[in-house]
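Structure incoming, see below.
Here the chain labels run A, B, C and D in written order, and each chain numbers its own residues starting at 1.
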Amino acid sequence: MKKFDRKQMAARVAQDIPEGAYVNLGIGLPTLVADYLPKGREIILHSENGVLGIGPRPPEGEEDEDLINAGKEPVTLLAGGSYFHHADSFAMIRGRHLDYCVLGAFQVSAAGDLANWHTGAPDAIPAVGGAMDLAVGAKQVLVMMEHLTKDGKSKLVERCSYPLTGARCVNRIYTDLAVIDVTPDGLHLVEIVAEDLSFDELQKLSGVPLRYRAAA
Amino acid sequence: MKKFDRKQMAARVAQDIPEGAYVNLGIGLPTLVADYLPKGREIILHSENGVLGIGPRPPEGEEDEDLINAGKEPVTLLAGGSYFHHADSFAMIRGRHLDYCVLGAFQVSAAGDLANWHTGAPDAIPAVGGAMDLAVGAKQVLVMMEHLTKDGKSKLVERCSYPLTGARCVNRIYTDLAVIDVTPDGLHLVEIVAEDLSFDELQKLSGVPLRYRAAA
Amino acid sequence: MINKIFATPEAALADVPDGATVMISGFGGAGMPALLIDGLIAQGATNLTVVNNNAGNADSGLAALIGAGRVRKILCTFPRQADSWHFDKLYRAGKLELELVPQGTLAERIRAAGAGIGAFFTPTAFGTRLAEGKETRHINGRDYVLEYPIHADYALLKADRADRWGNLSYRKTARNFAPIMASAAKCTVVQVRETVALGELDPETVVTPGIFVQRVIKSPS
Amino acid sequence: MINKIFATPEAALADVPDGATVMISGFGGAGMPALLIDGLIAQGATNLTVVNNNAGNADSGLAALIGAGRVRKILCTFPRQADSWHFDKLYRAGKLELELVPQGTLAERIRAAGAGIGAFFTPTAFGTRLAEGKETRHINGRDYVLEYPIHADYALLKADRADRWGNLSYRKTARNFAPIMASAAKCTVVQVRETVALGELDPETVVTPGIFVQRVIKSPS
């Protein structure tokens, strides 16, 4: 079996985002999706710190400390971009104006519950950012994560053991092994992306039953 | 007895508005206050349709249909003025950022209840505008009205018979006869403005007991 | 390529169904989308619920839509005007339902719809006839009334300039209700004085980002 | 003549009392009012409640205020950072209270304070640990959590340009929390890159009208 690497995962997510979509890419792995959006497809990226129309990272030496994304990385603004304050930015999110958000995850449950902000460790310093708003607000919540934890456990679970970010909010999951839809009757496999991985093998690596479904 | 005319009433209200105040002048009689603000005293006028820093009426022929006040009259904008949308405009009002509003009234009660939007007539078409927001929002609610109705009844009443605009919201009342404060223990006379009117005569014309009080 | 600029009001309004809730911007004449209202009259949708500050003046714009008998219900703050005769007549005849809303509550309910707020407590109208039957609550020394969002199927708006992404700027007090209505409707249609190339609107001064706008029509000059 | 421009941060911050609630703008470094935070440290007020997106980075700005032991409680959304060591140490020692708030709820609670809203229902955090103990309600098919406004005694903000009435414009994503914090504080103090003559800011592009601003300080260039 050959798993997708991070770049392949980002490209696979990018492929599903249509022309004209308004999209928020979460901090970390999801940010990588921006680099793989198909050329010529106009997609408008939002960041919760008050900007629509994010462009590529600026060339070295041309960073502007006043122009950053939610991950506090320097970005640029495309022609047609705009700035707004935090309440307006989250009005866009909470008011269901974003077509997609792409979030990382620790765990996703069979019901689409998302856990991505807290490991539940009693001594951990919690931090939530905009994840809970994105989870309830975006029209389509896409999760992008490795299929397994570092010690080989499935991140797809019957019930999240980590504290929830949002309940029943995830629509589609992209892992390094597969693309999986969350439906009212459980998880449906859209596509196996890892090379030389059978459905039965994927099922064994997954903590919840998967069903076949024709790709959307 | 010689009552104050409308201009004298407006000038008397204007005299009490201090330098630097943010003020909303209601439609009708209160709008007249703008013409009597003391020269050299910088006062910033707000209108609920989304403008701060209203200047005088434009010269004939220089009206701009996109620059109007809440009474839909053409106005101008002073240097330092700004525009904003209706939700932001009423955030200013409701959020207690306006120092003063000046409103007309049908009736004011001894407790400071205000009735200024509806006569209670069953066949009347109601209209409320921004009055209820101003009544609860401005730090100081000033009422400007004639002391008596056209048929000689006191507009100061024990209890409003007309539907309320706001409860216990009025701070000071300016009539063509007197200036009166609303206090926790009833109405206090600040000043008689009509010529040749004694306190006893004023009391007879008023539907509620008035007390003397040193002018503020 | 994203292009929200439509060629004609007919095309931009073709799918408005009977029974739709339609927000219309403007405060008096300032910001009233006359071209789009005329387009809606020509289009023929009826049984509409309209959200506007007023209930029409004289015989054009919203008053003409009301006069044509297309409006079932209106949510507004100040229907009664010297020249609101079309409204007055149908209202008195019991043919037009009115929900009278204080102006700031109207604005905040529209904004709440756009911002995904389920309900909010406002001090406005507490203790008055307009709060009768509504849930109230005493919070931190003050009395409040619970109010719910107003969502719309369409918003018909007027702005000053737009680009093909639907970013908008406005002119003076013609801004009024348009930015919040844009956020509260499923389909926001905007008539503008001028369309400009992408990037011509200063990103610091875009008042309505294009995410809230679906269709743009340039007014004939 | 109205003149909100102060000569020094000392003068603009002289009256901040111990125990004050202080909002501080900025998202990371963008929009962080470093001059005013340094002024507050020098001024000496302690036992403060601070509202910010984060809990300080490295050893300057908010981190320095926390490191100096002046903060009793912080309301923020993302305290944990690679370089939030001042916060981490005091928090782990039980010397600093944390109220963790989802970012959109933090923004909306600040906006609600400025807008006179008594409380609001938001869908964010429903069913999560951050909604535990809070009132919830099912409205029109969706679940919501009741949230209350956050008021402040002072807001320390950074903007780009200001005039003597306190009108403000911002630069790019440095705008972030400043406009809503300006509305939520009894006394809003702003450091700006540049002060300009009245009328120099385009009235269409003033982001924070001066009604929300009490004091302005020009940053040394």
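Rule of thumb we're sticking to: a contact is a pair of C-beta atoms (placed from the backbone, for glycine too) under 8 Å apart; a residue touches a chain by one contact, two chains touch by 3 or more.
For clarity, every value in this text was computed on a predicted model and none was experimentally measured.
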Any chain in contact with chain B as well as chain C: D
Result of counting contacting C-beta pairs for A-D and B-D, higher pair: A-D
Label of the chain whose CA centroid is most distant from the centroid of chain A: B
Averaged-CA centre spacing for the pair chain D and chain C, given as whole angstrom: 33
Distance between chain centroids, defined by C-alpha means - chain A, chain B (Å): 55
Chain centre separation (chain B, chain D; CA means) in Å: 35
Inter-chain centre distance, chain A versus chain D - centres from mean C-alpha coordinates, in Å: 29
Chain A, residues touching no fewer than two other chains: 77, 83-84, 87, 90, 93-94, 136-137
Junction residues of chain C - those touching two or more other chains: 108, 111, 115-117, 122-123, 170-172, 203-204, 207
Topology of the chain contact graph, where touching chains are joined (line, ring, star, complete, other): other
Which pairs of chains touch, using the document's own definition: A-C, A-D, B-C, B-D, C-D
Residues of chain A that touch chain D when the two form their complex: 47-51, 64-68, 72, 77, 83-87, 89-90, 93-94, 118, 123-133, 136-137, 163-167
Residue numbers on chain A that touch chain C, as the complex places them: 19-20, 22, 42, 44, 46, 52-53, 77, 79-84, 87, 90-98, 136-137
Parts of chain D lying in touch with chain A, wherever the complex brings them together: 27-31, 77-81, 84, 87-88, 91-92, 98, 100-108, 110-111, 122-130, 170-180, 207
Complex contact set, residues of chain D against chain C: 108, 112, 115-123, 137, 139-140, 142, 144, 148, 169-172, 202-205, 207
Of all residues in chain C, those that touch chain A in their complex: 1-2, 111, 113-117, 163-165, 167, 183, 198-199, 201, 203-204, 206, 209-212
